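Heads up, the next two complexes both have chain A, just with different partners, chain B and then chain C.
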Partner chain A sequence: MEEKIIKIKAFLAKFFRKHELQEDEDIFALGFVNSLFAMQLVMFLEKEFGIVIDNKDLDLNNFRTIKAIVAFVDHKLNLAS
Partner chain B sequence: MKIEFTPEQLKYKEEFRIFVDTVIIPEADRNDRDEHMCTEIYKKMSEKGYMGSMIPRRYGGLEMDMITLGLLNEEFGRGCSSARSLLTVHGMVALAINKWCVQEQKDYWLPKMASGKVIGAFGLTEPNVGSDAKSVETTAVLDGDYYILNGRKKWITMGQIADLFLIFARCEDKLTAFLVERKSPGFSTKPINGLMGARASMIAEVIMENCRIPKENIVGAVGTGLSHVAMSSLDYGRYTVACGCVGLAQACLVESLRYARKRRQFGQALRKNQLIQKIITEMVVNIEAARLLCLNAGYLKEIGDPDSIMAIWNAKYFASKMAVQVASDAVQIHGANGCCRDYPVERYYRDAKINEIIEGTTQMHEVMIATNAFRSYV
Partner chain C sequence: MEKKEEKKIKCVIWDLDNTIWIGTLLEDSRVVLREGIVEIIKTLDSRGILQSIASKNEYKMAMEKLEEFGISQYFLYPQINWQPKSASIKKIVEKINIGMDTIAFIDDQPFEREEVRHSLPDVLCLDVTVLAELLDLPEMNPRFITEDSKIRRLMYLSDLERERQEEVFTGTKEEFLATLNMVFTISPVKEGDLQRAEELTVRTHQLNTTGYTYSYEELDNFRRSKDHKLFIASLEDKFGTYGKIGLALIECRPKEWIIKLLLMSCRVMSRGVGTIMLNYIMELAKEANVHLKAEFVSTDRNRMMYITYKFAGFKEIEEDGNFIVLENNLERIQSVPEYIRLKVVD
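And now, the complex of A and B:
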């Protein structure tokens, strides 16, 4: 869990450079994200955690906060195992 | 760091070269003149499996790696920009289906696309909407088990012959992607002629008037049309366009070398003129730089690195500008002959410019690349 949070935070820090993102903070409400970010996030999660994100996963709530992303990754990993 | 093709990639590279030399190039001038791609071209592309080059093997495709796909598009770009554009848009639709459709849609469409029985086209641009993709005016409204689409798409590559269109429409006021079959009620296309370059790209306007499609034809989810579907398709499209530019510029270079060796002025071959040598040198170095940007982008894309997205923007930006400059220089070396369609550089020059418009204009690339630089480097 902790390791996942560190990795996700490090990735997100590239987009939220002047803002210390909290684990339950709404990423989309901050207004920094654009359509390019969405695609980079999908690629990052797929590569970093070895998951495949498909049409069933396209719920913004899966990606809204760091906590939600970690829960989503755990869910995908559980499904795969 | 090691930059080296695998034996399989080298084998494919040679196969692509032969195919382009024997199938694509002999028809390229006629296709350009007629503003029409002869059916024999995509029939032979299908026979070789190239229509499924980007589609997984489980659906009957060749599932080429990104470097090999880059080589394929480079070679096609060397021969005919219109044929390369077929590979590009068909792949953009196939990959969107593979990534964002439900399994039933994948099982139904991808084998047909891999075999070339179904040709795909990408429908984002509209009469009033180019770079500002978020402002799409086409609408999609859910009506029972169907979506009803209304609107027009313009400059749709292969729109005259495609069987399946990836259409972007405003649904619940959010940009959303849909698969629309040509045979759908309320769907029609109108050929667009008189293009400057890539004239055999079978460009069409797409008209949807109460066009009814099954609700299962949604791609991704409502609101993910731009952020996920279009972005990933355009990412692939940009990569193939960039690689195609390298091939196009290579063709310009080869024609220029041939001409400068044969053509004599002031009692000697043009190649002896140091100003010509300077032009040739800049061609060689810039083509190689673009090729390396493409290889880097292809490698990053192959390993799924998020940085591949910006690497592809960089590669497409540089390669498309480079192709325009190299094509212009090739015409310059040819002099008056270069302004006549008896010489292929005349077509290359017209084709090159199109690459600065499609899959994001040069100026949109400048916005994206500069924004990313401010975010990343300081």
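And now, the complex of A and C:
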């Protein structure tokens, strides 16, 4: 859990440097969600955690906060194991 | 509506020894240009077809020779090294960010063509014997030559300069984008934009929501139709223009609007502008008090646009194989990012 949070935070920090993201802070409210960021986030999660994110998973709520992302990744990993 | 477009070549990758020039540079530096080659290179360039090099040679020596011949500026990301040519081609394709199936490779050596054909079957491999007819091949003749195609190479060159600056920039992506002073302009498609609009529907694959292609005439009808909105977008920054890089077609019914097509040129992928056009359409739909739907046809290349819709709050309401309809309740519309200025022209 901790390890995932650190990795995700490090990735997000490349985009939101001015501001240290809190685990339950709404990323989409910060005004820097463009298609490139979205794509990079999805690809980062797939590669870093070895999961496959399909269309059905692309619900905004799965990506809204660091907490939500971790929960989503855990859910995918559980399904796979 | 959809017609099968024959594959057009967007980039020609040249060998050097016994292709662009006669002779082997490493053996004898007094090589001479192949007859008529400069005219071919210049003509391709004027048609908006990009060019590069995949040659096994000493980089410095070969580049100096190209400069001496006065043609070095025509080649983007020249790969002159001892790697297999397929590796060089992959590198060029990655840099320019276009599809492998839009590449032609010209080399006099059967071995090199075979190596490329084997690892990159989508590349059109041509022998030098084709040069006499090269300019007449249908693949080398874009249907229109637009303002954008004429300056395409120069636009890529300014991209190179942007990349160089980005590499040495130490802040975040957002901070870098803010230094560019970007202006994104959205306007209704005018008559003078139609050729470029058609070209965009044919040329754009990655950042394209449905891949519907429309002819000049169809687009002209949409432009005049009361039941459609057809927008084109352009982007500029302090290095110059990116040209007309985005297109959106909306079918307007009394109670609902349907986005039939939303596309952005791959050249602006790293500029974070993909959502701006979408947000603008969402604003308009909200003002008009209509439901907003979007059609989507998924391919193996356009996932980014699906993500764009989903992250903009669209939800799937219909699915039939790779055809999807999404809807947005328009509750949350993102404002334009701070690093860019939006200009709307009527």
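Operating definition for what follows: the second predicted complex is superposed on the first by the 81 of 81 C-alpha atoms of A that agree within 3 Å, B and C clash if a C-alpha of one lies under 4 Å from a C-alpha of the other, contacts with A are read in each partner's own complex, and residues count from 1 in each chain.
Everything that follows uses one rule, which is that a contact is a pair of C-beta atoms (placed from the backbone, for glycine too) under 8 Å apart; a residue touches a chain by one contact, two chains touch by 3 or more.
Not measured: the values here are computed from a predicted model.
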After the chain A overlay, clash or fit between chain B and chain C? clash
After superposition on the shared chain, which partner residues are touched by A:Asn61: those of chain B (first), chain C (second), both, or neither? neither
Return first, second, both or neither, reflecting whether A:Glu46 touches chain B, chain C, both chains, or no partner chain. first
On the A-aligned overlay, A:Gln22 touches which partner chain: chain B = first, chain C = second, or both, or neither? neither
Interface residues of chain A shared between complexes with chain B and chain C: 14-15, 17, 35-36, 38-39, 42, 55, 58-60
Tell me, which parts of chain A touch chain C in their complex? 14-18, 28, 31-39, 42, 55, 58-60, 63
Show which residues of chain A lie in contact with chain B when the two form their complex. 11, 14-15, 17, 35-36, 38-44, 46-47, 54-55, 58-60
Quick one: which bits of chain B touch chain A in the complex? Just the residue numbers, please. 99-102, 219-221, 223-224, 226-228, 230-232, 235, 303-306, 308-309, 368, 375-376
Quick one: in the complex, what on chain C touches chain A? 171-175, 207, 269-276, 298, 303-308, 310-311, 313, 316, 324, 332, 334-335, 337-338
